[in-house]
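By written order: A, B and C. Residues from 1 in each chain.
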Amino acid sequence: MRTFPAWLMLTLFSLGPLALLLRISMYKPGQGRGFYMPGTWTVQNYIDLARDAVLPGILGFTLGAALGMTLLTMVVAYPLALWVHNLPTRQRPVALGLIVLPKLCNVLAVLFGLRLLIPRGLLGVLIAEVYLLVPYAVVLLVAWLKRIDLALHEAARGLGASPWQIFWRVTWPLSRPGLMAATQLTLVWALAALLGPLLFGDAEQTTLAVEVQRQATEYHRWPRAAALAVLLLAVIAVPILLVPRGREAT
Amino acid sequence: MPNTGTTSPNTGNDGYYDRDEGLAIQDVTFRYGTNIVLQNLCLSITPGTFTVLLGSSGCGKTTLLRLIAGHLQPQHGSIHLAGRDLTHLPAEQRNIGMVYQNYALFPHLDARANVAFGLEMRRLPRSEITSRVEAILDRVGLPAEARGRKPEALSGGQQQRVALARALVIEPDLLLLDEPLAHLDRQLREQMRQELRTGITTLMVTHDPDDALALADQVGVMEAGRLVQWGAPREVYERPIHARVARLLGAVNLLPGGVLVRPERVRLVPGDQPVTQVQYRGSRALVQVAGILAEVDASTAPQVGQRVGLDIPEAACWHMPGEQE
Amino acid sequence: MRGSGWLVVLGLLLPLLWAVWVSFAAGEIARPPLEEWSLRWHVHLWMDARWRTALANSALVATGAMAVALFTGVPAALARPRWLDRLILLPLAVPPVVLGVGLLPTLHTIGLHGTLLGLMLAQGFLGMPLVYLATRAALAAVPVELLEAARGLGATPWHVWWRVTWPLTARGSGSGAALAFVVAFNDFFVALFVAGPDAETLPVLIWPALRYSLSPLVASASVWALALACCGLWASSWLWQGIGKST
C-alpha cells in the first residue's frame, strides 16, 4: 500500500509510455497539421521504415558512432577510475565529485563550453559524447573497483610485486567483469546519443535518437517518431540482453 | 500439552491455566524460515512474581520475549495475559512494558520525553503526563539534572533507569526484561539488581546464573527452543535434570553414573593427592584435585602441589534423572 | 602519475570553466574576456523578462519535482518491496531520449503535456530514485529495537513513523531531496520533450540559443545553473553528515 505512489509513477512513466509508444506507432499519420488520426490501426509506419532509403544509413552511423564513443570513453574512463581508486581516501570523494559535477550541473553548460572549444563534425560529435559519457562510466568502474579487496593489493606488495605487476596480475583480472558491465552500459547510452550529434553534427552525423527527436518535435509526425523510438529501444535491448550480466556493479 | 523432550519436574503448566491472571503461553511454536526456534513451548507465570528464563545464546529466549511483546507471530499456539488473548493482538495494544538489552532509548528525545512517550500514545492530558513522569523518575532514582538530557549524554546506569521508567510508567500488565544488566559493571549490576523487582509480573531473560538465582521466584531453563526445567532457584541449582542445565548455573563436578556434586559441597581433608590448580576468587578459592573441583574458604586454601584428600558426603550427591552427559 | 589524474579531471571540467569565464565577456561575441571583465550579461539575464520567468519556472518546477520525489520515494523506501530495488534506478539508467519520447504522449494523454504540473511529475520521476536510495540508507542506520520499543509503548505504525522514524531519517531523505531538486532544475531532456510555450524552464530557453547562436547570455545562464547545482550538492552532503550521529 505504501508503495502505491512509487508503483504508480513507475507504471505511469515507464511501462505506460512503452505501451503508448507501441500504440502510437500504429496510428495512421495525421493529415496536414494533425499529429495522428485517432482510432486507426496500421503497421504502415513500420513498413515505411523498412523501405526507407535513409534509415539504413542512419542505423549504420548510429552503430558505428556508438562503438567509437564507447571505445574512446572506456579508454579515458578506465585509467581515470583506477587513478581515483588509488587516491588517498580523503581525496577520493573530491575527485569523484568533480568528475560528476558536470552531469549534475546543467548539461547545456558543458555543451556550450564545448561548442566554443571544439569544431563541429564527426570529431566534435565523438568528443562531445565522450564528455557526456565519461562521468557515468567512471562512477560505475569506481564502485566496482571498491569491491576488490584492498588486502589483495597489500598481500601482493608484501610478496614483492611492483606496481605494474600488481596491476597486471591482480587488479586487471579482477576488474574485468566491472569493465564489461560498464562498457555494456556505456554502449547503451552511446546508442541513444542525442545531444552530441544534434549540436555538433552535420547532416551526415544523424543518429537514430536525433531522428526520433526530429520527427517528434520538429515534424510532429508522432506515429513515425514512435515507430523509430520502438526501433531504438530494440537496438538498445541488444547489448542488454546479449550479455547476461547481473547488475553487480552498484 | 507440555513437551520438554525429557521427563522433568513441573513446567508450570499442566495443560490448564488460570485464565484470570498472569501470563500463560500455550504450545507456542515459532519458525524462522526452516529454523525451528521455539518448539511447543508452555509457560505459566503467576501474577506478581519474578520469573527468569535462563539459557545460553541461541536458545530462543529473546525470540520468546519478542513473541510475547507482539513483534513476532507464532505459527502455532496462544498467549494469554490477565485474561486477554493476545495471540493476534497488535503489539501496540498489548500493554506490555519491555526493557531492551541496549535500552533502545529514542536518541532524539531527552529522558523525560522518552519516559513520556508511552503516556502520550495513550492520549493522557499533559498535566497528568508530567506528574507521572516526574514521579517514576523519582522512583528509579534519576537525578533532576539528568532528566533533560538526551540518552547519549547519560551514563549506562542512568540509561538503564530511564529505560525501566519508560516501561513502568505505562502501568503494564507484564514487564519483559531482556538481559537488562548485561552492559553494566559489577558494582552497578549488584546495585541495580534489586531495583528490578518492582512488584509487577516480570519475565526476565538472561544467560547469567547470578542474576537468575538472585532475582527469581521461578527459574525456567531453556535450551534449543524448549523449556527443559522449571522451578525455584534452589531447586534448579541443587537438582538440575541434566548436566547442561547444571553447568548453566555454576561450576559442577560430574561423576560417573550421572552424579553431580557442586564444588562448595566438596571438603578437603588430609590426604595424598596433589593439588593441580588453585583459582583465587577473593573470599573463596576453587581448588582442583584429581580432576575434582572443590570450593573452599580462601584463607585456608592449599597451595599447588600440596597433598590433600577429598571428602564427598553422600548427601551432596545428586543423581541426575536426565541424560548422562 | 598522481598529478596527471588531476589534469584529466581539469580537462573534463574545462568546458564548464570556459563557460563561466565567457559569461563575463564584455562584448557580443562568446569569447573569454582577456582585458575587460563585465557583468553585463548576468545583468541582462536578470533583466530580461523571459529569462527571469524561465528561471522562476525552473525553481518552481524543481521544488514541485522535489516534493513529488519525496512523496513517492519515502513511502517506497519504507515499504521496500523486492522488485523495487531492481527497478528503482530505471529513470536514471534509461537513456533520456527514450524517456522523453515515452513521456510526450503519456502526458499528452492525461492532458498535462506542456504544463508545469506535467513537468513537475516527470522530473519528480527522475528524482524519486535519489530520495529512495537516500532514505533507505538512513533507515538502515535506525536500530530495529527503537521501532519495536515504540510499538510496545502503544504507538500505531503511523505514530512509529511520525514520532520515531521520520525524526531520525529526515536528514537523509532531505539529502536525497536536495539532489532531486538539482537534477530537476538542471534537467534538459525531459523538459525538451515535455515543456511547451506556457512552461518554459531555463534549459528550454538555452537550447535554441545553443543551437543557433552562441551568445554570452547562454554562458551566463549556464553559470547560474552551475551555481545552483553546487549549492544543492553542498546542502545534500551537509544534510548527509548527520546520519551517523543520531544513534
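Everything below uses one rule, namely that a contact is a pair of C-beta atoms (placed from the backbone, for glycine too) under 8 Å apart; a residue touches a chain by one contact, two chains touch by 3 or more.
This is a predicted model, so every value here is computed, not measured.
Of all chains, A has its CA centroid at the greatest distance from the CA centroid of chain B. Chain closest to the overall centre, judged by the mean of its C-alpha atoms against the mean of all protein C-alpha atoms: C.
Here the CA centre of chain A is 19 Å from the CA centre of chain C.
Computed centre separation for the pair chain B/chain C is 54 angstrom, with centres defined by C-alpha atoms. Per-chain Cα centroids separate chain A from chain B by 61 Å. Listing the residues of chain B that touch chain C in their complex gives 66, 69-71, 90-98, 100, 102, 104, 106-108, 117-118, 121-122, 166, 170. Those residues of chain C lying in contact with chain B across their complex are 143, 145-146, 148-156, 159, 163-164, 167-168, 246-247. Within the complex formed with chain A, the chain C residues making contact are 1-2, 4-6, 8-9, 12-19, 22, 30-31, 71-73, 75-76, 78-79, 81, 84, 86-91, 93-106, 109, 121-122, 124-125, 128, 132, 179, 182-183, 186, 188-189, 192-193, 202-203, 206-207, 210-211, 214, 218-219, 222-223, 225-226, 229-230, 232-233. Chain A makes touch with chain C in their complex at residues 1-10, 12-14, 16-18, 20-21, 24, 76, 80, 83-84, 87, 95, 97-99, 101-102, 104-117, 131, 134-135, 185, 188-189, 191-192, 194, 198-199, 209, 212-213, 216-217, 222, 225-226, 229, 232-233, 236, 247, 250.
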